[in-house]
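Look for chain A in each of the two complexes below; its partner is chain B in the first and chain C in the second.
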Partner chain A sequence: MEGVMRTDAKMRTESGAESSPRGPGCSLRHFACEQNLLSRPDGSASFLQGDTSVLAGVYGPAEVKVSKEIFNKATLEVILRPKIGLPGVAEKSRERLIRNTCEAVVLGALHPRTSITVVLQVVSDAGSLLACGLNAACMALVDAGVPMRALFCGVTCALDSEGTLVLDPTAKQEKEARAILTFALDSVERKLLMSTTKGLYSDAELQQCLAAAQAASQHVFRFYRESLQRRYSKS
Partner chain B sequence: MLKSKTFLKKTRAGGVMKIVREHYLRDDIGCGAPGCAACGGAHEGPVLEPQPLDPASSLCPWPHYLLPDTNVLLHQILRVWRPGTWASVASSLRLPGSLETYVEQEQGENANDRNDRAIRVAAKWYNEHLKKMSAENHLQVIFITNDKKNKEKAIEEGIPAFTCEEYVKSLTANPELIDRLACLSEEGNEIESGRIIFSEHLPLSKLQQGIKSGTYLQGTFRASRENYLEATVWVHGDDEENKEIILQGLKHLNRAVHEDIVAVELLPKNQWVAPSSVVLHDEGQNEDDLEKEEERERILKTAVNEKMLKPTGRVVGIIKRNWRPYCGMLSKSDIKESRRHLFTPADKRIPRIRIETRQASTLEGRRIIVAIDGWPRNSRYPNGHFVKNLGEVGDKETETEVLLLEHDVPHQPFSQAVLSFLPKMPWSITEKDMKNREDLRHLCVCSVDPPGCTDIDDALHCRELENGNLEVGVHIADVSHFIRPGNALDQESARRGTTVYLCEKRIDMVPELLSSNLCSLRCNVDRLAFSCIWEMNHNAEILKVRFTKSAINSKASLTYAEAQMRIDSTAMNDDITTSLRGLNKLAKILKKRRIEKGALTLSSPEVRFHMDSETHDPIDLQTKELRETNSMVEEFMLLANISVAKKIHEEFSEHALLRKHPAPPPSNYEILVKAAKSKNLEIKTDTAKSLADSLDRADSPTFPYLNTLLRILATRCMMQAVYFCSGMDNDFHHYGLASPIYTHFTSPIRRYADIIVHRLLAVAIGADCTYPELTDKHKLADLCKNLNFRHKMAQYAQRASVAFHTQLFFKSKGIVSEEAYILFVRKNAIVVLIPKYGLEGTVFFEEKDKPKPRLIYDDEIPSLKIEDTVFHIFDKVKVKIMLDSSNLQHQKIRMSLVEPQIPGISIPVDTPNMDINEPERKKKKREK
Partner chain C sequence: MAAGFKTVEPLEYYRRFLKENCRPDGRELGEFRTTTVNIGSISTADGSALVKLGNTTVICGIKAEFAAPPTDAPDKGYVVPNVDLPPLCSSRFRSGPPGEEAQVASQFIADVIENSQIIQKEDLCISPGKLSWVLYCDIICLDYDGNILDACTFALLAALKNVQLPEVTINEETALAEVNLKKKSYLNIRTHPVATSFAVFDDTLLIVDPTGEEEHLATGTLTVVMDEEGKLCCLHKPGGSGLTGAKLQDCMSRAVTRHKEVKKLMDEVIKSMKPK
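Right, the complex of A and B next:
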């Protein structure tokens, strides 16, 4: 898989369409993450993927509204705020995808009748927004110390009209793509937590994308580990 | 897949839904040409003919297929398409080889342009495709379009294209097709010199605004039958202000056609007019006689007193046209070789229509169907086109077809789907049928009907019980057992609403198997029935009533005459006869009681034709005779209907189907009261009872027929009885029968209302299960509306049929003179009734080519003074009846005055063409 990805990366650099630099041996754009940058929430993180950036804050476990109370586990809420304007249908859809992913890993049963709220603020959208939002949410949850079964990350793949696979596409690549597939994967078993797709693709292409995403997730998780290590070793 | 589109949608619950739309193109549609290798397997459905027929077009002499564009197809195909001429219709409906011919909408291109382009691409594809298939055949596809731009573009792209008109004109083999082209070409309509006759119709948006603000009123346009320059508009809206607005004069009618929904503007009060009593028919052959028209309009406006004035208005716009194809005849133009002719519809309320045809000579004297295409502002008449030739005028079948079409009577044979719900033959009563059903086969039941009746829906019995009381049963055919709610048979019957009886034909509401066999209560066979059984004492007082589904076996089917004979003959004493006598005795008591309560005995001249058994031509004509037995059956039917009405209303107060007969407004009686006053009689009209009484008293020893005449006139004053749903109305009273509640239960074979009543009653007594539509009062109200309409139309069709047969009768009889009574006096005519034939007709006093007599019309009495003779209502006159064949438009019975003699008006008695000397003799007698 690595080989494939590398050739992909090469092809893209050759075509010159890529604007943001990508790390060696990794077809993903450059990552950056900063944790605990907000004082009010219980945990916060800002995640950068190329020029895409999402700021996340986590509140909880905290008191829950009676109407939303679940008797045997914590109520998870995800709010995604666009850069400008009010959240629309697209945001609602993403919120739901992120919430489903979080629910799959957060051990909500440890905090029954509480609420855990993840607020995501889009800072800039330059492609693969959902994946970036997932990553930011995960890092913020970690920062807040919410117990989780595993970490998770989001990876977006795009297939262009010739069938070439592009990982972590930019906005331009997304626009030109024939299909866009976003996966959420967990850190323990590398299993799929969530997937959403748009456009046309074959069975084989889906498998190919999934494999590529799994491979790419290793890089993300390695990055998580490194950034956390850096943070905790400092203090 | 062609393309897919994904988008998100918010659901009502606040969730989000992802919707994916995918477009696919079919690759399995063949070109339709048989033997085409390229699309070999892809053929299915209709195919093109291997060798197109009809190459007789002078524009393209080689064999070709036609590819009409959508507009041509929509507007023309029904008119032009005859089997064999347009071979390619099927294939043009679905564009073949869709992968090659798919066309995507371009930016800035509207849907129509895209469709046009798609058709052009298809035409091009076809031509290339056919060339590939068989180069030597030289098959070609010709593109037919009426759109100029489309045609230009097609020719640019190398597709042979013609307009529909060009192509049809080039068809040398079928010249008559050109007439069938809907006349759409604008240039063709510029007949008149552009002189604008009518004011412009306002656009719909303005009309709606006006209606909302109250400046305009919306209503149904109803042209007058008697005067083509007058019409009324029934303003829709709340019942209490159901206003009627009069429109007078061509310009105010402003191109509205009978039944259109129009917007009218009320004129200021000083321009209001009274409904004129002039009879005017549009006879002008030259359409430019506007001056004459104006003069005619002036005739209408005569000085009348203030209170006669009614709201008057003018049409400002048409909200909805209600045009349909009209039956009628062609009035051939006087100009030789002219292709434009006027068409005179059979319905006098429809204006004449101008059509273009080259086959005027073949169409002359035939009944044809014409459709209206439009009515330009500068044209006196609407433009239309020829649709169908029905047949020779005066031909019985043609005329029957015409009157059925004109009265919107559904008369097609029953469809296969409908017939599939009929019970399988041979049919017999099974165990299952007997569930919830009483076995009354042992009772001595018999039916009494007019001779030749095959749809017997009622039978009666009467027997003495052990306690000395009488048991009377009315047994009605159980049609609802066979017609189950909701199926195709039920829907078709509901649509037809009623059986229509014409003079020589019956248009059944239910298929014949049911109407004349399984449901008909014939004698000596087991039949299912719905029985209404009373226990009565000898004073005909009802002690008990019960309803039950039953099985009966009628012992005899009698005619009225036979039953009467049995009752009268002392020799007969069998069960049936005693039963009949018992019934007759009770019926007399019932009738007396009913009349005491104020039921009206009205009269209308009903005639019956004696038909020749072979040619079905009428050979004699007689007014219907009424026997005691007629009223005996009638009495028990009324009783059954009333009992059932009470029962279903008790059970279903909100959705019982009932029949009411509203009391007429007092103004309706004006004419009757005036007429009676002229004979020094007084008619009281405050209640039904006083009306009935005063009618009974109105007798003149010197004039025995007067009473009948008054009753005929009283009938005309009545309102129409209507079906209604009890939940939608609160006035149930039946005025004519003086019953507080009434319904129809006794003729389910020929009336759909009865079937519904049967179902309601069956549910009420627990003999059948209910269904949702039965208890939906809005659905019932809709049904009532249709039934009322169908009943009205059936009545009109019946009258029209009688009128036609009367014509046939007088045709064979020649010219006759008969005594007649004046029924109405009009401004320029009198309406007379000939009692001998029950025939009504109009005698005109103004004729086209004769000097106008001096006419003085007095509205108050009413009377008409011609020269020195005064005509009053009910005056006895003598008229000559003849079939007016001079005017083939509408063959009609023409009546002219013979007596009293008015020089210059009445016809001299001794005209040589009078074949009967009788009137002359009589006249001499009087002169002595």
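Right, the complex of A and C next:
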């Protein structure tokens, strides 16, 4: 069995060029990633951000039902299971977001008429769940060896009532926030792949959050690189 | 000959038009289709609106019923949206439980209602802890030709402006609600969220208000929901090609102008209805 590897990284980032004097500095929580921990899926990863944890498994490229096959590329499917209860409409909406993000980076043209299934299980939710799910999905796709044109990462920003930016909010910070913005950014040019927001905010605040998310994504990508380097340098 | 080319190579056919900065139906890249709205057409509903965005037709009907307020918020009512995409509107939908597209649209509308605070849920409360209104907003698509989210948001807004709730008093002796159908009042609509959808082509070009074919050929979509103060309620970008910050800025400015267009249309329609 391949060595299970755990990388701990504590990262600190300041939000962009104008760090506001009020409020604490913006920092991402402690994150950890474990790959290849499940034996049946082709690739699996568990991503932890603070206390939020999501387990992802990838099956593919595998056989696809004739009704779902696409003649020139792979059919991507995402299944998101909540921690408690049956999946509902909110899960369907999130599945669509994660699926479209993966479709933008996965080179489906190399595996036509196949299916790639990403299954995400929420293990614990302490804020920034969608971002954690995106990170876990990316790490699992890498572990499965699915060809991708770029890596992607998820970053969540919360704006509180005074307009202070908090990156990677905890569940408590999310509840008190005026607006929560989740972005998925790609690793090549830091372009915005996916965005979903909750609450009211202004255009300027959006640009500020996007810039902060782009800065934070650098740390996440560096963490991906280091964890993969460590994993492959052992064997 | 053009029809043959369109069937065989739809993307190339499209690119020829985009190179000249226009689209097959003659629109500019930043132009919306003709928008028409009709309010109050369903007499059995408490509020209704029919919106046509080019060929895309969406109808919204709102029914108000009584319900016990939620236990964790005894002074609030409910707004329950539901978007239905029946097989009538397009051949890609089958009858049966709601498909993914309908569920995503329902979730989107629910998010818009909650984020924009279009109605204060406290206004729907009749008697704290005992009785409140629940507004069932049913949005049904009659013809699917792309840009369903914009049409649904507009239909919801127009229908909510049309809703008239009767006055309800709680009789102290019998503890029953008495409804006075003669005295009706409009809802207090606090903000007017307007959605603007874009489609991304070949990772670079942004076109506004995509039709069904354009959505199919596009590499990504983006929907921006803005209210009148320029505040954003929702930035919905479900994956697709990446966008830079500058491109987002262009989308915002287009969304602001669209908001003005829609608000003007709404005000005209409401004004023409008022004399009743």
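The rule is short, and it goes like this: the second predicted complex is superposed on the first by the 209 of 235 C-alpha atoms of A that agree within 3 Å, B and C clash if a C-alpha of one lies under 4 Å from a C-alpha of the other, contacts with A are read in each partner's own complex, and residues count from 1 in each chain.
The working rule: contacts are C-beta pairs under 8 Å (C-beta built on N, C-alpha and C of every residue); 3 or more make two chains touch, one makes a residue touch a chain.
Everything numeric in this text was worked out from a predicted model, so none of it was measured.
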> When the two structures are laid over each other on chain A, do chain B and chain C clash or fit?
Replying inline: clash
> Between chain B (first) and chain C (second), which, if any, makes contact with A:Ser44: first, second, both or neither?
Replying inline: neither
> When the two structures are overlaid on chain A, which partner does A:Arg96 contact: first (chain B), second (chain C), both, or neither?
Replying inline: both
>> According to the stated criteria, A:Leu181 is in contact with first (chain B), second (chain C), both, or neither; which is it?
In response: second
> Taking the superposition as given, does A:Ser128 touch the first partner, chain B, the second, chain C, both, or neither?
Replying inline: neither
> On chain A, which partner's contacts cover more residues, chain B's or chain C's?
Replying inline: C
> Is A:Ser202 in contact with chain B, with chain C, with both, or with neither (first, second, both, neither)?
Replying inline: second
> Does the superposition put A:Lys191 against chain B (first), chain C (second), both, or neither?
Replying inline: second
>> One more residue to check, A:Thr52. First (chain B), second (chain C), both or neither?
In response: neither
> Which of the two partners, first being chain B and second being chain C, lies in contact with A:Ala104: first, second, both, or neither?
Replying inline: second
> Shared contact residues on chain A for chain B and chain C?
Replying inline: 89-90, 92-93, 96, 198-200
>> Looking at the complex, which residues from chain A come into contact with chain C?
In response: 89-90, 92-93, 95-104, 181, 184-186, 189, 191-203, 206-207, 210-211
>> For a test of understanding, state which residues of chain C touch chain A in their complex under the given definition.
In response: 100, 103-104, 106-108, 111, 114-117, 219-220, 227, 230-245, 248-249, 252
> Mind pulling up the chain A residues that touch chain B in the complex?
Replying inline: 89-90, 92-93, 96, 198-200
> Can you list the chain B residues touching chain A in their complex?
Replying inline: 1, 4, 6, 8-10, 15-16, 18
